[in-house]
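You will see two complexes here that share chain A, one where it goes with chain B and one where it goes with chain C.
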Partner chain A sequence: MIEMIIFYPTAAIVILFSLMVVLHKSPIRSALFLLGTLFFMAFIFALLSAHFVAVIQILVYAGGIIVLILFAIMLLNLQKEDSEYDHISLGKVISLGLGGFLFLIISIVFFKMYPGHSSELPANFGTIEEVGRLMVTDYVFAFEAISLLIIASLVGGVVLVRGLINSKSKLKKLK
Partner chain B sequence: MITTTHYLVLAAIIFAIGCFGVLTRRNLLVMLMSVELMLNSANLTFVAFAKSLGDTSGHIFPIFIMTVAACEVAVGLAIIITIFRMSKISDVLGLTFMKDIKSG
Partner chain C sequence: MEIVMPDVQLLALAPEIILIIVAFLMLLFSPLLGGENTKSGPKVGGIVSLIALTAAFVINLLIGQNGQSEIITFGGMIAKDSFSLYFNALVIIAAAFSIIISFDYIDKFGIKEGEYYLLILFSTVGMMLMGSSTDLLSIFISLEIMSIPIYVLVGFSRNNLRAREASFKYFILGAVSTGIFVYGAALVYGSAGSTNLAAIADALLAKPLYNDPIFMLGSAFLISGFLFKISAVPFHMWTPDVYEGANLPITAFMSVGVKAAALSAFIRFIVYDLAITGDSWVLALSLVAVATMVLGNSAALAQSNLKRLFAYSSIAHVGYIIIALIAATESAIASVLFYLLIYIVTNLGIFAFLIYFSKKENECESIDQLAGLGYSHPIMAVCMGIFLFSLAGIPPTGGFMGKLFLFIAAVESGYVTLVVIAVIASGVSVYYYLKVMMSLFEKGKKTEENIKNPYAALVVFIAAIITIYLGVMPGFFIELAKRCALSLF
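On to the complex of A and B.
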């Protein structure tokens, strides 16, 4: 009963906010609505007794990714896109149809393969202890591979942004 | 009674919205945000199935997906900033420099 009271409003807010992310003209408002979507999604994770995932969701997305996107928008000084919303083009109708078709396929698959609802969960389900134990025992190889990916993307980001500065200074030297 | 199917259908709706965003928006940053939405709906599916099957392994993958999303945003924003510094373009339709590169 309490699950129902929490689930329906949260799901409605998540759907509304994610629609606003896609439809709003200004990128900075889209980023703020994305923050709201991810925040309320963390509620749903907590409802599914995935407490650690919910906390990590707020920490990583709200604290890291959204702040990074907001900084990029402020750095780029983007304008509102006005020309994009003047008319409904054929491409938009096709995309809407494609999105709806995808949703239909996914929900048909979900209704067909209804998984059995397990009545009792293990006592340590979703705790930080259990998740951490699994991460360094069963999934230790994936854990190490992910850390390698982080290093690679860090180096890649620095190289991408620095490379331009170097080439500009080389051009100045040539002149 | 909220069953697993409710969560899965919510995830499907958010995935479809994200897909629509990637297909229609022409701003690179908003496309990146729509991809984040799609990744998050995949997280929701993993967590819903983890609860339904009573297996904590389903909680490991959302954490890995979040890590991959963070890497993707870092590299993606670096690319967007580089493109914007080079040509002041934030519209996907304007990105045609690959066509202008002379081969050989």
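On to the complex of A and C.
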């Protein structure tokens, strides 16, 4: 019962905040709403007995990644472009309709047809020990492959940004 | 606490590991060789990665010769069977040829960063892992290792606005499709209790999960994620724009490598899991196949930009392949493997041809630029003719054999209507392939030019020879494809 009391408000807040991330015009405020979304997601992880993941969620995402995003937005120094978002096009209406239809299907499946599973959790579920053990045993491939993925995206990010800086300095030389 | 490591056989992953090590060494040493002021930097990287790819290819063959039919390692996340070795060989060939055709191209287009080849290597590793993945988690991670370098490679030309737009578009749409894929994986996990494809199959056999709405929804999302990567209608929107915006060698790499890799994981998912859930998904995939063939071929008719034309043509070819996926029998999967080999060789040949005729900072991408080239460069034009005939499915080229086996396999499984539509669609496709051919031999536009690009010419010749060889003597490769398909069942 207490879980329900925590879950529904948290879920509502997460949905509201993530909608605001997309809909808000100012990038900084969007980033702050994202912070809120990720912070309250940690509550849901905690409700699922994944305490370690919940703590990591707050430390890494809310603490680290959002700060990076905020820095990036401030450094880019974006100008306000209100006019782009104002008009309603046919494409937007159609995508909203299709998205709503998909949402309807998913909600019918979850609320009407899904019987729901529940089973006993093992005693050490969600502890640091257990997560660490899984990471180097059952999921060792995923663990190693993700490190490769991070290197690859790091290199990719550097390549893209370096191109940007080079072309900007070339423009300055031309001026 | 006791820690029990799963059975890890690193030797089975030796081809991937070699590529990763070489990529890391290049990452460390390329600043010494590359840069603004050195000329040889990227080229050294290209040669090193070619050597690494050759080594990976040889080791891949050795693992295949080993006699051990199947190596399952990393707790069931990775399987090295003949099927994955076949796909590994395909993507290594695709990467190697893409690197060879890049040599002259990147000089002409002023690309100096050594990371160009590095990112191709990373992406190749992702593709190879994808062919070997037997777990939704490892499929997802290798999908990302494959895609993220491709997003960057598409936008590699720093001053090309079109390339940047294409890269951004591909990135956003790719991220959404990956999100859908992960959501699907989560739903399937919730329903079947495991992310391992074999374990999901066991769960499906134990109780009829295909009536479970959660499993249906999850597998629909997974299928959508795969269909996006192989650019089937209705998830094809990005294909023409991205193929047009990217540099030609990257377009070549994407049009063959990404498709082959995504198909390898898709085939595994279909054969392991979907095939035992009855025919609940057959109607949906049939509609996708018909839409893909019809839209791909009819949109290609109107194109005058060659990159867009071949983008739509590649969409149409995915449509033919999906028919065989629906059949999902041994012979159908074997025909897909054979078809993909021909498709890869032919497409690489076509893009090598376009690179051969690209001038400095000006890609050969309009159909008018080909006018009269048949008279000034007859040999190249004949090779291009072979490729176009192969794509259209006219004997004695490989494309004919590929389509023949594909359609026979589909008819055997009783999908006659689909095959009839496919034959009509490929009849329509002859028109736009011949349009390119006509332009090559247009009278009165004789242009004498001295073009020196031995790398692209080499790839064109090799591809033309293989295409003809596969059309005349397909026996060995069909047997190979059959043996590799057999290892899935």
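In this section, the second predicted complex is superposed on the first by the 151 of 175 C-alpha atoms of A that agree within 3 Å, B and C clash if a C-alpha of one lies under 4 Å from a C-alpha of the other, contacts with A are read in each partner's own complex, and residues count from 1 in each chain.
Operating definition for what follows: a contact is a pair of C-beta atoms (placed from the backbone, for glycine too) under 8 Å apart; a residue touches a chain by one contact, two chains touch by 3 or more.
For clarity, every value in this text was computed on a predicted model and none was experimentally measured.
J.: Looking at A:70 after the superposition, I want to know if it touches chain B, chain C, both of them or none. Which is it: first, second, both, neither?
T.: neither
J.: Is A:13 touching the first partner chain B, the second partner chain C, both, or neither of them?
T.: Neither partner.
J.: Is A:106 in contact with chain B, with chain C, with both, or with neither (first, second, both, neither)?
T.: Both partners, chain B and chain C.
J.: For A:55, decide between first (touching chain B), second (touching chain C), both and neither.
T.: neither
J.: Which partner reaches more residues of chain A, chain B or chain C?
T.: Between chain B and chain C, the winner on chain A residue contacts is B.
J.: A:160 in the overlay: touching chain B, chain C, both, or neither? Say first, second, both or neither.
T.: both
J.: Just to be sure I read the superposition right, which of the two partners does A:129 touch: chain B = first, chain C = second, or both, or neither?
T.: Only chain C; A:129 stays clear of chain B.
J.: Quick check for you: in the superposed arrangement, does A:142 touch first (chain B), second (chain C), both or neither?
T.: A:142 contacts both chain B and chain C.
J.: Going by the contact definition given at the top, which residues of chain A touch chain B in one complex and chain C in the other?
T.: Residues 106, 114, 117, 138-139, 142, 146, 149, 152-153, 156-158, 160, 163-164 of chain A touch both chain B and chain C.
J.: Which part of chain B faces chain A closely enough to touch in the complex?
T.: Going by the criterion above, the answer is residues 1-21, 23-27, 29-30, 32-34, 36-37, 40, 43-44, 47-54, 56-57, 59-60, 62-64, 66-75, 77-82, 84-86, 90-91.
J.: Inside the complex, what are the residues of chain A that reach chain C?
T.: Residue list for chain A touching chain C: 105-106, 109, 113-114, 117, 129, 133, 136-142, 145-146, 148-149, 151-153, 155-160, 162-164, 166-167, 170.
J.: What part of chain A is in contact with chain B in the complex they form?
T.: Interface residues on the chain A side: 3-4, 7, 11, 14-15, 18-19, 21-22, 27, 30-31, 34, 37-38, 41, 44-45, 48-50, 52-53, 56-57, 60-61, 64-65, 68-69, 72-73, 75-76, 78, 81, 84, 91-92, 95-96, 98-100, 102-103, 106-107, 110-111, 114-118, 120-122, 124-126, 130-131, 134-135, 138-139, 142, 146, 149-150, 152-154, 156-158, 160-161, 163-164.
J.: Sort out for me which residues of chain C touch chain A in the complex.
T.: 1, 3-6, 8, 20, 24, 27, 74-75, 77-78, 113, 115, 118-119, 122-123, 125-126, 129, 137-138, 141-142, 144-145, 148-149, 151-152, 155-156, 158-159, 167, 190, 213-214, 217
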